[in-house]
């Protein structure tokens, strides 16, 4: 008999920025989770992560060999937060070892590679949750719930503004798969999440405005995407790699019965009035500050689903579809064509 | 038989800033009004005002003798916008001549003088409307209507912030009767208007923070007033003669069932975001810009009431009560006592 | 020698909603203008319009024959506010008669017809100002001025949200030329105005979500347009024929150095807080309320330019380009192609 | 040589709502702290608190005898979160035992009792930090820092709105010392914190509007306080025990050079527009949600000061002065007098 509230032993693979956050959340803030291992091919990073966990790290396995963790029979679930090009392989290894899997997005840049990884997951009968954390942001989730409840009637237009405070390093850009696979992919996920529908057509315009070196690599840094969803909703996304005023993450859903929106988060709720006008703080700058709560909630829901033996809130379809959309957008931006999927 | 929609022949006495505004409104924007005369002891000002009225000034009497207007049998109603120390006398003369009267606030700084003027009005059976224009501001009127309709239940606390963009000239301060009679008097009127009640007790603190010369004259430039109304509502008013960010006119009504507020008006609805934050425009600077519509509506209602033979929206009680409150506040600020009325 | 401040005798042709507004503005609120005639093929409408002008209508010619006005040697300038299908012909007649012309948008739905009208204007050497009034809205003009001054660096993304409170009658839709020529045309003009550039490519998606009868006529009621301007700015426009919360007119300009925006206008600046949250007023519902000031300013600038003998603020290119964009958008919405111009 | 970063062993006395929060913060979120004991005369509450701490509770002493903790030589610092009437005694016992002390506000309702406790602290040479947590709220601290830096010039008027979502139980009201000692005391502390000055005069009006039973006990539930500070700033505070729209905590500082404000916090940054207008979320309802961060930061600063051997951010004067102000306000509300201190 499955006990709904049994403790879940979790290992974290890769303790870069996001992996470390997951490890800390699992150690301190996820009821029912027991962090049993952290692994990073950079052993020093793994050690440093463990040290920061303090008293919670008692009995923690710390290793530079992810395989060691995958083979550990005491591990119920694995959080994969390594470099993207290792995701598919680790998913397959974890699946074969019978581990439930949480994997950062994307699974891969190649659809065939994604499909073989998803097949391994299905064959093994384990759970796979993909790390589209923004679905767990309280504001966006509220929008989804209200839309699904019919608060704005039929959804006609969904506008997503998603602009980063600064571009990543050129080294990162080179391996990122391009702006649509790296950055817009979150917005593609949001489009599916909020419309509750799959994409019908994709049109994208990509240009280089922020940094010519990004263009030299063959990528874009500024983009506008228009999609028609199967539900009939039109979606428009605009992206920039650099908004000097901070991390701009706004969504607006317009329907037959009204409009819902989610505005930017700011750290303080203060203001200043002087002869030049009124002044209020800019949005939070850093995605780990902006999405603190969503990273926590996604992990709670993953561990809760594993403990309960239920399906995770995001499944295999959610891992695959945004990549399909991103690849279509990439092609559209290069050809000017509207792609029907 | 009185015809409800008959045309009202109106004369304006005093064409300073406010008198000129009334003249232009009467000429162009007050249905049913016919501006027949403008008078100012400064004859050139009267001429200039008439010239600005353009085509509407055809047949307009322009004079430097207000008495000429008062004696004119063709004048139905007179708008008194002269210096405060002439108000009571002109009210009496107009009343005796059977003219309906609109008079800028206040009637006088002296209660006995006010009472004798009001007695003349009553004896003559004419209408007197006092120029507390803010009652006709769409936002404040909305607050009054919602409060009266019970939208916030029982009114517990009324907060009025009323700050000028810059102090008047010292010459004006000298004859103004002091901050409570000159500036706070509008807020006293608002307190009565919004609570629908008379004052029970007044406590005031007045200090000099903006300009020591104002203190040298014996006046204050910064003040906080607390009142208990007979309805049980508490009222708190704060005033300053100089808000560097513009003309600050906000009201908040807190009750058992909720809160209503009126925020400042700005000219544009634009904003700017940059690395320093978000920036929006400051409030309108000048009372004639901020209260454009209220000055117009008060004149429309005055003329409408005269045409219909009905009582004006503000009567004799409204002319007298705020002066009583202002005199009490002045005394309280000097003694520290709470005055019960 | 041209006198800069001479009076301009103006006639208004067509006194429907907008023509009447122009007539009233010219009569009362446009310095230097003298309204000398109103004409409407519906003679009763012309009479009614004149009657509403009151004292200003002295000497006004009122007629059901526009030609009478065009032939009147005393008329310096003509405001054309008749049905769209009469614009081109009236422009030509006025031009030949040597009148300066203000014409409501669009000149025509057919480019050749527009070109022949513009040729007549050029040949006659008269001024033609086209009625893209939104350029004179204080908020949008502020955006343009700030962008042109470099306040946000290089403009990367311009977002225009333009949604009507309710669709026009089906009879109107039938002769409107379609949503892109009738409604989006204002946004196309805004794109040119704010970017200071011409369009390079247009992609449009049009769907029917508001009213199937609009679809039955062959038109769309919901649309998203993406454009690349020659300056490199990306423009995204979203339109709906029905926003239940009012007239939604927002613009956002994102650039390398920051973001500027113009928010919706509301009538009051009030709010209410209760157990359900905070509640503030919806946007002004009606375009004549929202754009009151822009209709006035455009007429002042037209009359001012005629009086001074200078070029009007919008010329022939501004009459033609938005129609080209609208026709391209119509074609793109039907084919899915991106059109390069 | 004092080591700046040594670990501080902390015990928590009283694990009601606030004590439990402090215990959790100390266990998980306060670098340098080691939670070594929790005590509550309700032993079951102490056990339950320990159980919630999970892995961090290893080696934790859990007891129903506070004295046991006070006598424990391994304890460096004690957090007193017991009932108010035990604060003074526990402070004295802890001081004599050489423990550094963090004590929830107020020390006592009686000034003599406060003074004897403060004397014991001074004699023992230990630190005492009083729990005016709002000083550590990021928004209020920002206001203080900006004011102190001269951003608004000389501070003229400070407005504090402080309204609870619902009154406490009548049992609590009975022992609370009255609204000024229980609720306004935080605002008195804010007045001192933000003006950087001590009070010169106090005037208070208290009424019963929310619940007649509160009046029957002899307390008020609605109040307005006006103070003149020695710096010359005027302070106005308004309080209510029940704001149906949530926990209303706003501050506005008006000075010669501008205005600063802190607005309410909301959980989401979302909105809804429909035919009735725009709707946004109400403020956070519960003080532990609103002040989550300030409770954490105050504990971090306390532990940091103990570790560093430096003075805590709030000292003995901060424990005493707000009680003096509250007692004066209570007297003023009963007599109508303005009290000069």
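Every chain is named by a letter (A, B, C and D) in the order it is written, and numbering of its residues begins at 1.
One rule holds in what follows: a residue touches a chain if its C-beta (ideal position, glycine included) is under 8 Å from a C-beta of that chain, and two chains touch if they have at least 3 such contacts.
Predicted, not measured: the structure shown is a model, and the values here were computed from it.
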Candidate from B-D, C-D or A-C with the same interface as A-B, over half of contact pairs in common: C-D
Longest centre-to-centre distance from subunit A, chain (CA-based): B
Separation of subunit B from subunit D, taking each centre as the mean of its C-alpha atoms, in whole Å: 44
Subunit A-subunit D separation of Cα centroids, rounded to whole Å: 39
Contacts with 2+ other chains: residues of subunit D: 244-245, 257-259, 273-275
List of subunit B residues in touch with subunit C within their complex: 28, 55-56, 58, 138-139, 142-143, 146, 151-152, 257-265, 267-275
Interface residues, subunit A side, partner subunit B - complex: 244-246, 273-282
Subunit D-facing residues of subunit B, complex: 154, 156-157, 159, 161, 163, 201, 203, 205, 207, 209-210, 222-224, 226, 228, 232, 234, 236, 238, 240, 242-245, 248, 254, 256-259, 336-338
